[in-house]
Amino acid sequence: MKKILVIHGPNLNLLGQREPSIYGAATLDEINQKLTKVAQDFVELVILQSNHEGDIVDAIGKAPQDGVDAIVINPAAYTHTSVAIRDAIAAVNVPTVEVHLSNIYKREDFRHHSMIASVAVGQVSGFGLQSYVLGLMAAVDLAQGT
Amino acid sequence: MKKILVIHGPNLNLLGQREPSIYGAATLDEINQKLTKVAQDFVELVILQSNHEGDIVDAIGKAPQDGVDAIVINPAAYTHTSVAIRDAIAAVNVPTVEVHLSNIYKREDFRHHSMIASVAVGQVSGFGLQSYVLGLMAAVDLAQGT
Amino acid sequence: MKKILVIHGPNLNLLGQREPSIYGAATLDEINQKLTKVAQDFVELVILQSNHEGDIVDAIGKAPQDGVDAIVINPAAYTHTSVAIRDAIAAVNVPTVEVHLSNIYKREDFRHHSMIASVAVGQVSGFGLQSYVLGLMAAVDLAQGT
Amino acid sequence: MKKILVIHGPNLNLLGQREPSIYGAATLDEINQKLTKVAQDFVELVILQSNHEGDIVDAIGKAPQDGVDAIVINPAAYTHTSVAIRDAIAAVNVPTVEVHLSNIYKREDFRHHSMIASVAVGQVSGFGLQSYVLGLMAAVDLAQGT
Amino acid sequence: MKKILVIHGPNLNLLGQREPSIYGAATLDEINQKLTKVAQDFVELVILQSNHEGDIVDAIGKAPQDGVDAIVINPAAYTHTSVAIRDAIAAVNVPTVEVHLSNIYKREDFRHHSMIASVAVGQVSGFGLQSYVLGLMAAVDLAQGT
Amino acid sequence: MKKILVIHGPNLNLLGQREPSIYGAATLDEINQKLTKVAQDFVELVILQSNHEGDIVDAIGKAPQDGVDAIVINPAAYTHTSVAIRDAIAAVNVPTVEVHLSNIYKREDFRHHSMIASVAVGQVSGFGLQSYVLGLMAAVDLAQGT
Amino acid sequence: MKKILVIHGPNLNLLGQREPSIYGAATLDEINQKLTKVAQDFVELVILQSNHEGDIVDAIGKAPQDGVDAIVINPAAYTHTSVAIRDAIAAVNVPTVEVHLSNIYKREDFRHHSMIASVAVGQVSGFGLQSYVLGLMAAVDLAQGT
Amino acid sequence: MKKILVIHGPNLNLLGQREPSIYGAATLDEINQKLTKVAQDFVELVILQSNHEGDIVDAIGKAPQDGVDAIVINPAAYTHTSVAIRDAIAAVNVPTVEVHLSNIYKREDFRHHSMIASVAVGQVSGFGLQSYVLGLMAAVDLAQGT
Amino acid sequence: MKKILVIHGPNLNLLGQREPSIYGAATLDEINQKLTKVAQDFVELVILQSNHEGDIVDAIGKAPQDGVDAIVINPAAYTHTSVAIRDAIAAVNVPTVEVHLSNIYKREDFRHHSMIASVAVGQVSGFGLQSYVLGLMAAVDLAQGT
Amino acid sequence: MKKILVIHGPNLNLLGQREPSIYGAATLDEINQKLTKVAQDFVELVILQSNHEGDIVDAIGKAPQDGVDAIVINPAAYTHTSVAIRDAIAAVNVPTVEVHLSNIYKREDFRHHSMIASVAVGQVSGFGLQSYVLGLMAAVDLAQGT
Amino acid sequence: MKKILVIHGPNLNLLGQREPSIYGAATLDEINQKLTKVAQDFVELVILQSNHEGDIVDAIGKAPQDGVDAIVINPAAYTHTSVAIRDAIAAVNVPTVEVHLSNIYKREDFRHHSMIASVAVGQVSGFGLQSYVLGLMAAVDLAQGT
Amino acid sequence: MKKILVIHGPNLNLLGQREPSIYGAATLDEINQKLTKVAQDFVELVILQSNHEGDIVDAIGKAPQDGVDAIVINPAAYTHTSVAIRDAIAAVNVPTVEVHLSNIYKREDFRHHSMIASVAVGQVSGFGLQSYVLGLMAAVDLAQGT
């Protein structure tokens, strides 16, 4: 069974209470339950949330030796500023899918640019919780090399 | 049964022969067959390919009276230049999903900006044929108001 | 009697239903009726709406041989992107008035620049239906060489 | 009878002698006579010319207590630099029409941007003396709430 | 007793009626009464409001010979455009505190840059009437050389 | 015998009457006659003029199945705005020569950038009718693989 | 009694020894003692210094459940780069005051822009230790809803 | 005898006390005495200092009817911001020389651009008091049409 | 017989060995032989190669007294940086054709701008050795005034 | 014996496996062994690798009390984004040498700017493992005050 | 007697024939005669004209050992591009006056920036031959240390 | 024995007297003696200093036939402006090391960009004379292919 690493970036622990008009009413637990349910029969999920850029870089760097086959990442605020996460994704040989709950192109200018996009395989944004579900499906495909 | 309008922008008629290292080996017919198969049990698909910006604007403008419930659009080259398509999407009340075969953020600078992104509900890019399949799934959700 | 060509650009066929808080509640038919009524005693109106940039370029290019004395154009989305319409206006020797329903300077940044403005005689914007009426009056003056 | 305040910005006292190829041969007196004649039966005009930004800000600030129903302003050079006049227009609740004798979009780059445009209801530019006449007509409409 | 010059820039005479959602409901008189009450026991206040850039430059230029020990200035619209006020502050040897009622960093882009900030000792912004009170306290400190 | 497709972009149907100080006095017919005469002994010419971006994209897309060996294109206004034409040229495997009657580097800033130049083999500009003749000669070379 | 969280960003642990001509001679301990003294009778202070962006994001995210009524933050270097801290402030419903020891507008260009300013209520900068005192007073007001 | 108008812009009344390391130790009176001495035998000088942009615009606008043959202007802070003074110089037919005490190209970036330079005949900057003397000599030449 | 000056800019002496995938395998001697052969019956060629900007400026400056009727120049690296060569071309009254072996628009950004283009009659680029041949033909036309 | 702190920034733990065509085949251990060997007779090395910006800031801040005489830092991804590391280097009085394995000027645009360069004494980049060796030699010189 | 070095940059050898509407009808010989006449009684002139940047750098570098007391330089085209001449002026301790025949601020954008201005003492531009005379007078003052 | 070409760019002949606070007190002779001493046992040095861009281009172009194995270049002012030197380095197949005495990232903005950096193997800057020594050591390594 393939293993998929799901990474939730900074402030996503606050989902549900955080600006629900932008991020929706679902809590991070509810998102994780949904993903676990979608994944359950055919892939193993490993889930990480951290507000620390370094933790996320650590986790990506260890992904190959942890047997991770694909990564789904919502880099949140670090989307726009982290060369370190970008370099980590480029350094390991694990296909990565970038997801966003909100449509970042409808928001402030500084959110229109993703440092991550050009090292990810692809991006899903704007569909709320569904962005994660679609992103996980893409990651499963990539993990299976189909 | 919900109706979904799928719009293929300019030069997508050339898929298969067109820079396959970027756009993949699938022809437009193969993509349409795949989408039709995915859609068949639960939504009706209407498919349009045109190299003419005006044709695409016409089609979007008529979507409400044609009973279209959601739109999946790969605006291709017009992604980056067409205010007219953007305005058409904003003018009609039909939820729209933007899809791209390639990861536009890995390509020339002028492809990094989408005029369409901020009027679409969301965007799926970089997964080749799979971008369309995931985009269609998102559109079905939107059409069903779930 | 002088002849005036009125050109409505892309998506103006959707007026009335299209974002009425920006564009007002009047339909294109109502605008055309109003213009016809204003014009009726002293100038002949020829009215065109098209979503196709090429159609608009064609119409402007033929204006001299069609005996057009002045042009009133609301280039809509093509205001901001069309070098072809700009070149057509510069190519024919027919004085042209640019009109906009909305105040384009209150809207998104990309609407602040008009490719057309510097080849038109002048511009009227922001007064809704009244922009057309004032623009028509300016065009009549220009047609009459007063 | 409605009251309309007409404001002529800096250097417009020099009209007639000032670069006539750009601004036309009419003097400021002739413009004012023309406006007075157009206005005479249905609105009262109050006319101000000043080279002082502060005077113009003062006049706009006092407009509500002076019973002014609409403003026609040619901010001239202050069009491009005055945040103070912009703030004054935004501060009072009097609909304002911006007019320009010349087509500012045909001139130097620094004249292409108006600080005033986004707080005015609309703009008329490029028709010489006729810009004022059309602007006054728009202002009368706004004053009458039609 | 130390003397402090308080300068209110353009349109601040309109406070109370001017966009209260941005500037608050307090009138300029109420602000001045509040400042006078805060100041009363230990510093003398001299208060100026003007819509004229030149008046403000004049007042700052005369501050040394008028025995002013510190300046509190809300340059309002001139914040963003006045090199002359900046040069006046740099020319005299009087410590200056810049205050703003609103948080200028939440507003239009052109309000994000202050010509004054780099010649003032410091800046207080965003606390409404309280910005003036805190700014006055900072100025008292500076006047006393503490 | 090699086949060469010559494409004239928008407003070139107006040559002769269109700003002759920039574009010269030759009409499009005269240019086509000149090219036909130059070509006659050794290559077949297919000539298209259109004001419609979509028509030009269509024609380039069909070039391979039409047996076209090289393309000479004066994209005119679409030079500066058309990603669609650029993508069409990149999509088909037909060597393309870009020509311009005028020296676009002596004109307005927005004409200095060509979307087409980086997908064409080369560019000839500024020699009037002679640009076409030299461009045709380059295309013949390319068609012959010399 | 209201609770106020005071956050000192990176390198502020080095105060006293760190570029004293810019940051002053006071150590962080001295600043904290001063704040504690100012606060002592009417608000409870919780003080954090960290060089880790993630720690600061964690602390802000937990502020609501920790009963914090207002935040005073000197984001130091993270002022200019941290979208994560910005998002944390926007995510929780706790009024926040941004303070700076130095006048950031007198320093290098990259220090002129604050990512934090537009999500804070207001900003105090340039008064050294006094910036904290004034910022604390503003925070007390906000905490008390006055 | 020719008449020359010398205009000193804002804050030049503070010369001598104003940042002497930049502007030198000479007072405005000393500069005027020096100019009067240089001028005395062959031209009449009229000298104006004002901190009000409007006063300077007024003075330039009246120059032709006042019989002024040439203008020497140190626009000081208005150099960089005043379209109104620029337009005044362009409006009257009086040759104008721009002078600066300091070398504006050695100072802050915003001082590198002069709005006045392109409507003046020429510029002298960086020589302190001597800039005025050389500028006056140039103006005398222009006034005499040599 | 007309005389044509052919100028080869810096590093073109290295052709053949210099990045042949960009510049082709032909040596400068082979190019010169080809041009001489093309020219032989009807124009005289004078050929210069120099790595020194000043030498090229000298040669252009002397062209009129040397009886040169037209210039063909490949300014190579100086294309992008030399105002001096530009000014030399503008100073003499000799029609000039700019040629490039490679398509400069396919290369680094700093090669997309030519200082020379706007003072040349026209430009030929991208056709390797053939760029010179076509450029020479254009120059012959210009020399003959046809 | 002098003490030198060597800091390896984020993702350098992945050397050897990380994009070897850019970063070389040497692992971090091999680099450290090489440095230790070079250093052994005359300086003491303390080596830190961290993916956490805060850890690196902590280490630099403590360097003076740890008796560090010079720092060699390869800030990796944080080169381009970390104001905090920059401020830490500026805060402590320890001479610092910046090194890079790759030539950052041959890579993506966002890697061309170093936040660190202007607070370091100097920079060595592009020589792979040798960059560290040369950087260590420079640091030894600085530590010894030669 | 003081010695002054006068440097004429590229293409100034062509004066008289070179675009006389911009540069005037005087030849370089006539300018030099005029300067010699002005200088004759009180300073020695050494005059150099070169189209070679390196020659000008050489001459400035040798100025101190040649006993030059001040430099008058018209850098012509090198004004806008030469860091080498700028560095030479900064390297030697000889006061330098920059002169221009034309008003460079009325010309193309790339002529608005001078690399030389910020290392010269001052600048005189726009007065034709008179720019040199005034510049020489300024240089004499500087040479004499008055 | 390997041969290394050392190139000193413009104004480096002035070292010692030239802004010693930036460039240090060592003369060029002293630098060359130091390099000769370092090199003496194992490589041959050829040293060139020139203020002429063309001389440097000439020397680099001849390096292969002169048997040069590596180049050490301090391009000085030409670092920032010379496409010709850049192209020369790219044209020859000789590994090149760029060195700078000063830390160019601490100086004026226009010195932050090197045209040379992306064609050199690597760069050493900021260590004064030691930059040359380290650069020579890097060059020796490259020459020896180690």
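Miscellaneous remarks
Letters A, B, C, D, E, F, G, H, I, J, K and L mark the chains as written, and numbering starts fresh at 1 in each.
Please note the rule applied: contacts are C-beta pairs under 8 Å (C-beta built on N, C-alpha and C of every residue); 3 or more make two chains touch, one makes a residue touch a chain.
It should be emphasised that the depicted structure is a prediction, and the values quoted were computed from it without experimental measurement.
Listed here as common contacts of subunit K and subunit L: I.
Counting hops only between chains that touch, subunit H reaches subunit K in a minimum of 1. In the Cα superposition of subunit B onto subunit L, the rotation angle, rounded to steps of 5, is 120 degrees. Centre-to-centre, using mean CA coordinates, subunit D is 63 Å away from subunit J. The centroid of the Cα atoms in subunit C and the matching centroid in subunit I are 47 Å apart.
For subunit K, residues that reach two or more other chains under the stated contact definition are 52-55, 81.
If you check each pair of chains against the touch rule, the ones that pass are A-B, A-G, A-J, B-C, B-F, C-D, C-F, D-E, D-H, E-G, E-H, F-I, G-J, H-K, I-K, I-L, J-L, K-L.
Subunit C meets subunit B in the complex at residues 9-11, 13-14, 17-19, 50-55, 76-78, 80-81, 110-111.
Per the touch definition, subunit F reaches subunit I in the complex via residues 103, 105-106, 112-114, 117-118, 120-127, 130-131, 134, 137-138, 141.
Every residue of subunit B that touches subunit C in the complex is listed here, in rising order: 52-55, 57-58, 61, 64, 81-84, 86-88, 90-92, 115.
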